[in-house]
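Each of the two complexes below includes chain A, the first together with chain B, the second together with chain C.
== the complex of A and B ==
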């Protein structure tokens, strides 16, 4: 992975560092997963019951139970508070859970599906990264920074982020650990990819399905709309305006400047409403379609109202207080019943409060905004698992060039490794050995949340610093 | 407004917290030295900081009732002991006869009785089983035709209980070679059991397991427990006989003779509240009967302190037994300890003379004894191997202790024997009565503690201080080295770009990500360590191999894989990046290595504190001192020479097999030196699923390898 060589890209004169063996590494990641799935089924079934990997919403075991209730017992899949996912997932994955392949464990087909989902998600990440990269080149060209930036190395962020997503131990755990999260992550990435490449129907279907499956991706609607409106990440609009004003004051008749000026004009193309309207239309069409499908599916079991109550209601009211890596289960286990509703509101508004300020500050970088939203959701959602971290870290890889100056990268790395190892040990100490108690485990959950906060704060400030640096650069250039 | 202007000034002062951290980091040598010394001193002070034990759970009420064990029970028990002894002297089929006799005598007491038989299992390598719970897959196919061990299980149903809880009595005995002590322990258990069939106050069922320990005490108890809690359904009574039919006729007859019932009749009581393992050994040199308490289970887990307290209280205050816990006898004569103890006593006296209220000193003898006990407690926990068959219970979260009672008189002295039986029987009865009073599980008192005497303990809150001081230098040094290395690179700050737009000044530095190369090398070494940890899988497969060849082939294979890893992934030196000055490269490698060691040691402290404490004592100085020899060679002052010497000693001493031999030599003398012993030791560790094995191979070994690399770094 480290063996990189410098390859001149066609799109610009900048040196781009490319990963030479992308496909080898990607394929070997897939093979690694397959080896795990086929040779260690017993260990994986143990893994599937770990609270870090499967939550009440994403557990495949619960899905199999729901499918059995629906098909064999022909009662509502939501009976008995076992299954809390979408009825569509039940119809797609349900048959796979009962199919036996050569005496192997019955979840093997689902696992294969998750492997495919992971692979496609990684490819989409790669394409998104390439798109972002070319947008970065274009904007720096139009700002006249290409000469200066040319001296520094630019990493192929798409390749890095795709490989990081594929080889991240958290992603691998999610993929082989029999939870439905790989599908959800895939849909989120699909929607971001669709928005980046301006494929409005794709963005809409990804967003609607992701929201349908796990509710929290709903907040990604804002970055998707910004992406469609402004285009992929670029330096702040101010910069282009500033440069323009300087140039018009100069009145120089150099042909090169004319060319640049045109480029600048195209780069600050203002907010376009047409794709937004299209997106809203497509999104509503898709949601109506999916709701109709769901309605047909749960027709005999209480209808859509029951489905909403058992899926979104379950997510929002934190009914299941079994321990997980989030911070809410302990809180709601301790809180008095008559304050419960109040704190539910507070917790959920916590996410909503952060949406608007961030959207205003980072509207010129919608993809990064999506990453920040995903990170915040993975911290504050009611049933988090390592899958959320996997998604968030995968998106993080997309901005590797802009975030080279993060201060706490080493601390974050050590923290992630330490907490992820400590958390199962504490769980073991509490549940199996009985010498620890819930506080031991919860302490690691708090440390984990703190790490995610550091990640968000540090990366956001590094991104803003990068913008400031670009501004300084442009002022220096225009002065000389 | 003026404030605003001030804060906008270029020389902004960092916040106090940040300043403290920066101060610590800038004085890393002195800070780490002080912390380490303080950690060692705190460890030596632990015997002074120990508190007296107290019974925390009120419901236990030990000794509040008069003992009911009568001489009649003792007489019955004595009769049983006599019969057992005579049987054991008789013939070669004593094993069957003894279990048959136990079956009959327990049955006569109007208690439920059954037999449990199990076959020994081949030793298997399960390095990672510590995390998962128990999987005992009995492989039927490989079982050779050997006679099963047949344990007798008697159950008294409590007249007042709901049958949901039980107290377990275990008496291990070897039917092939029954000695007087084992017969006596059976007698003690029998007398108590016969009493308990008659009493009215029982609220919990009593289970007496006379465990046939011909294949090991722990194995038989463990097999019974796993059948009790996790029954295997695919076995049937028939398969036992069919396996050996034809080839071994004796086997079949033995099965029939014992009347071994099929496993469907495995009898259970409720969940277990506590378990007592009773053993009697001969040859006490004390003037009175003495009782030794063994409590360490696997991975340094201890039973609830209340259980030990109850036993200790009853033994000392009701039955005037001399209570002991394990201690290192060799340390009692240590001059060094006596000197430290003397200093502490002197200091205590001085302080007391200043103000009589401030007494903290303890006498020298008490200090030395406390330290010897503490050392033994630390060692037994660190090894992670249970000190008796009570260890099997802790794996099911049941509190259990082994009571080893040694009579002052010979067991053949009949007059003293009945008195001894009465006394120890009453002790066991008292403990059972206390536990019987419990309404909940043991939870009130400590689980994490170290014993410094039978009635003194150090709780987790205190012993953690010593450990925290020991490892505190690690993050400080890692952070300091890292930040030094990152900030000392050529000036290329992103925000403050100079007026002259030279490309060097404006280029994006990937300074904060430079640890990636070092992290890669550290990661590769750790992956190698995982491979080394799994190598015994392969080595075990080789047939007819001695332990000496095993250990040698293990070491050679490890070196070979290390070589392969270097060829495939590159050695830690190959990542030396051309554009950076080399002297920072080793600093970053060291900082990542220290971070990894810190994570590993902290993890281990949660899993098994004592192992982490000992590991930190060994590892931390080396981690802190390691520095490329080339740098020290350059300037030949006293400091660098001393560092070179220390580093060389550490390299030698911390190589795991060598450390093992040094420790063994220090405790037992350097008489015999056999490399095979290391393999035997390691084998014992993984047989008991000890996390210490994982610690040694996954934390200690890679850290040692990386430190050695650092010393040889071509900077």
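== the complex of A and C ==
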């Protein structure tokens, strides 16, 4: 659909496909959301309790309960097992969730906030995409690939990913479905954008807040540091070195050119420590600030220790076994109590074990690394929702040029459509009609997990292949 | 030899004489222990008969004997009170539901003996708050053993709660728990009877023919303990044990069934032998008093007045002369309720002393109606019902509906001015943790209109449930206008999902939400008698002022079940998916293309040759 709206415009060196009416499409996505919010409030309140949209961590209904407990009953919002989010979110969003006497909840303000968060996140994605694009051009220029690549078409990945994020049905569901995940997604994108543009305080605040809200973005610290250190995605460092060595051999007499080349290459690939030190300083400053704010707001209710227990502890120990689109709820509902701790470790180490190999292999492409981490987290998260998928697919759009030759893109597309249609049906059969059983729903969850695995593995392999292809090109260029 | 013989004879003399001496010494103290047995019979408007057995044991202990020598008072209970520092305790086993609409909800018998189905236990401990939970846990186990019931399930913190003021006034030492699904049967009655000095071998307890009393519509056996003076010094301590059995029975005799036509309104004639299938042979000789009472409701007495030409005929000593019914024996005494409200009818109690009546032959009291009569019992100001809303297994709502019964304004209690008449009620609701209540969704409707909570609630205490740790408690004090017809409270909830081990054996049956308790603090159900109440414990019990209470229905919530047969499949399939992820991703990261591999091999070879050359050079 979007391809139809694309027209080719000539870039300076390469052909770049640009979306013409970007703003029109973006605005229309926002208007579509507003129409949904203002004209179908009853349907949306039904949506708010769907397991696909709201998890025990992100549910706005639970937030309203926490706020009520804090304000009306004047006890800890964490009393009872209802609220598991941040106390800051409670004080920001809580007043917006108060219902009036008629019982009609006025979630419209909240929804507007989520729409804004979505829109800003899309704009940040676009800016990130443009940054990545220019870095791509720069690196291919310095590798001398511009002439070869010029023949092929380059998509404006920023526009595509922003529009894909805005028009993705999953994002729309998340946005209008009263869960706090649009804010979490926005913060993740903010931190990646900040790191891409080397705005260290922005990257730090995004990362710290996202980690504070949902814990899993903590692993994004590594790609953010790599981004700040190496700059945006570029082909492997080896290629530049290889090219340099060939060129020094060829143009040893021309010392002037050699000197210039050397200079540009070192600027591209050297690891700079200064922004990282700054990032660490900023991140620690922000986390101290946020912890202090949290400490003030939970002072009367058991302090920070209670807060960590109720938020991170709840996320890590899978206490709530209500169905969601992941597989872990059913796993922990069925697994023998004796092995529970063992499997908890296994699940969480599955995330942690993959961090290092991925970081080593893809250190030259930190943005893509961030995407892979996000995808892995959205699969292995204890309370996943479609919002995680929405974020992951939004980031996926950034690498559309590099990932064009993915093997299973058609399978993935069909799988996503199929699972997203089948999963509510199975849920309905099991929970509402009582004609199906839990295994029906579990089967769709397994299919969904398998799809995400395919997405992660296939995109990682496509990216590595892309690097190989670049290497092949450079070697042919240098040989000729 | 002779010497030893004399010693033995002396010892035997001692053995025989000393106990008799001791026994005589105890006999001299008449107030040491006391046991009374009483039975209250009451015809109910819907052709049923209420029988309320009331056994009352008291033990006064003083420091002289250390309090350990008990004759009448059950030793098990005495030890229980001592060991667990119980100040007050009530345990009830109930089957069936008290029909507040037909059997009345505003008289002392119903407000203290209408209990929620299953087991209900509450106890007030005379101990510091930190020890109360431990004492409660031990108490549940002891009671479980004592009464052959699964009271030990109340040990878990998910099943009991610590109400603050909604159940009754307490100072942190009260624990309340109930098991709505506990089946009550003879195995619970037998240990209960064992606590009586005559068991069911003599006295009123002899009437408890198991098939008859378990055939009834309502069956509630209750044990209420009050102790005082155990805390500091044992100089003047006292335990009162009150055991009651309340049954509602249908006196259907064959002859009555034949003559019965639905529209006639004729009540069945009954006698003790047709209701219980037994007669009273003799009193329990250990009982201080053994009485039988027949109570006529206020409504019935007013009917009696209307039907009878002479209004005083009902109160006349010879009740045989009254136009409505006939008693086979002339009561020993007629006790009229002395009511301070003039327009109220007062109920009547006929008293029969078993000792006198069951002297020569077994006593059987027959009650036969002469005319059809229709009357109603006095009801609590509001009829409470509770139900579930919503379908499916994801969420729902609990609704407590309160309907006004159109009470007379004179019933409205203290402090009720005529123009702005207010009705105070307390709602006490315990919700198990797997029913996740959103307390912010509490809505109060009065005559169908949503009211803002601030206008209606006087006081509110919420302690939300914590998953697998504690159950949620809602205590709510409401002020409702007297003019309202109906009120409703609704609370939304999500249904929880449990681990497969946490489901009971028959998981698809559903889970029970214990009864809510609606109490009317301004309405005190008590009967005032001119008679000296100290004569009979049941009379003093009837005279005691206690707020009217109403328990709602137990709710059955179906919860979603996982597939119980699949743990291995789920573990293996899920682990396969994770292995797929881990393996394939690692494989992608590790894989090298041809030239890369060659490069690596060359590098490896280079390193090896370097190493080898290094070694050879050495």
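One rule holds for everything that comes next: the second predicted complex is superposed on the first by the 445 of 480 C-alpha atoms of A that agree within 3 Å, B and C clash if a C-alpha of one lies under 4 Å from a C-alpha of the other, contacts with A are read in each partner's own complex, and residues count from 1 in each chain.
One rule holds for everything that comes next: a residue touches a chain if its C-beta (ideal position, glycine included) is under 8 Å from a C-beta of that chain, and two chains touch if they have at least 3 such contacts.
Just so it is clear, the model here is predicted, and its values are computed rather than measured.
In the three-chain model built by superposing on chain A, chain B fits alongside chain C with no clash. Between the C-alpha centres of chain B and chain C, as seen from that of chain A in the superposed arrangement, lies an angle of 60 degrees, given as a multiple of 10.
Of the two partner chains, neither chain B nor chain C is touched by A:299.
In the superposed pair of complexes, A:476 makes contact with chain B only, with no contact to chain C.
Of the two partner chains, chain B and chain C are each touched by A:468. In the superposition on chain A, A:61 contacts chain C only, with no contact to chain B.
In the overlay built on the shared chain, the residue A:357 is in contact with chain C alone; chain B does not reach it. Within the superposed three-chain model, A:238 lies out of touch with both chain B and chain C [touch as defined at top]. When both complexes are overlaid on chain A, the residue A:309 reaches neither chain B nor chain C. Set against each other, chain B and chain C differ in how many residues of chain A they touch, and the higher count belongs to C. In the superposition on chain A, A:434 makes contact with both chain B and chain C.
After superposing both complexes on chain A, the closest C-alpha pair between chain B and chain C lies 5 Å apart. Comparing the two complexes, residues 432-434, 468 of chain A contact chain B in one case and chain C in the other. Of all residues in chain C, those touching chain A in their complex are 391-395, 433, 436, 438-441, 443, 450-452, 460-468, 472, 494, 496-501, 560-563, 566-567, 570-571, 573-574, 577-578, 580-582, 584-586, 588-589, 591, 593, 596. Note for the complex: chain A touches chain B at residues 2, 46, 148-149, 151-153, 401, 404-407, 409-410, 413-414, 417-418, 421-422, 424-426, 428-429, 432-435, 440, 465-466, 468-469, 472-473, 476-477, 480. Within the complex, the chain A residues that touch chain C are 49, 61, 64-65, 67-69, 72-73, 75, 79-82, 99, 101-103, 319-323, 327-337, 346-347, 350, 353-354, 357-358, 361, 379-380, 430-434, 437-439, 442, 446, 449-450, 453, 456-457, 460-461, 464, 468.
Contacts from chain B toward chain A in the complex involve residues 131-133, 301, 397, 447-448, 482, 494-495, 497, 499, 501, 503-504, 506-513, 515, 517, 519-520, 575, 591-592, 595, 599, 602-603, 606-607.
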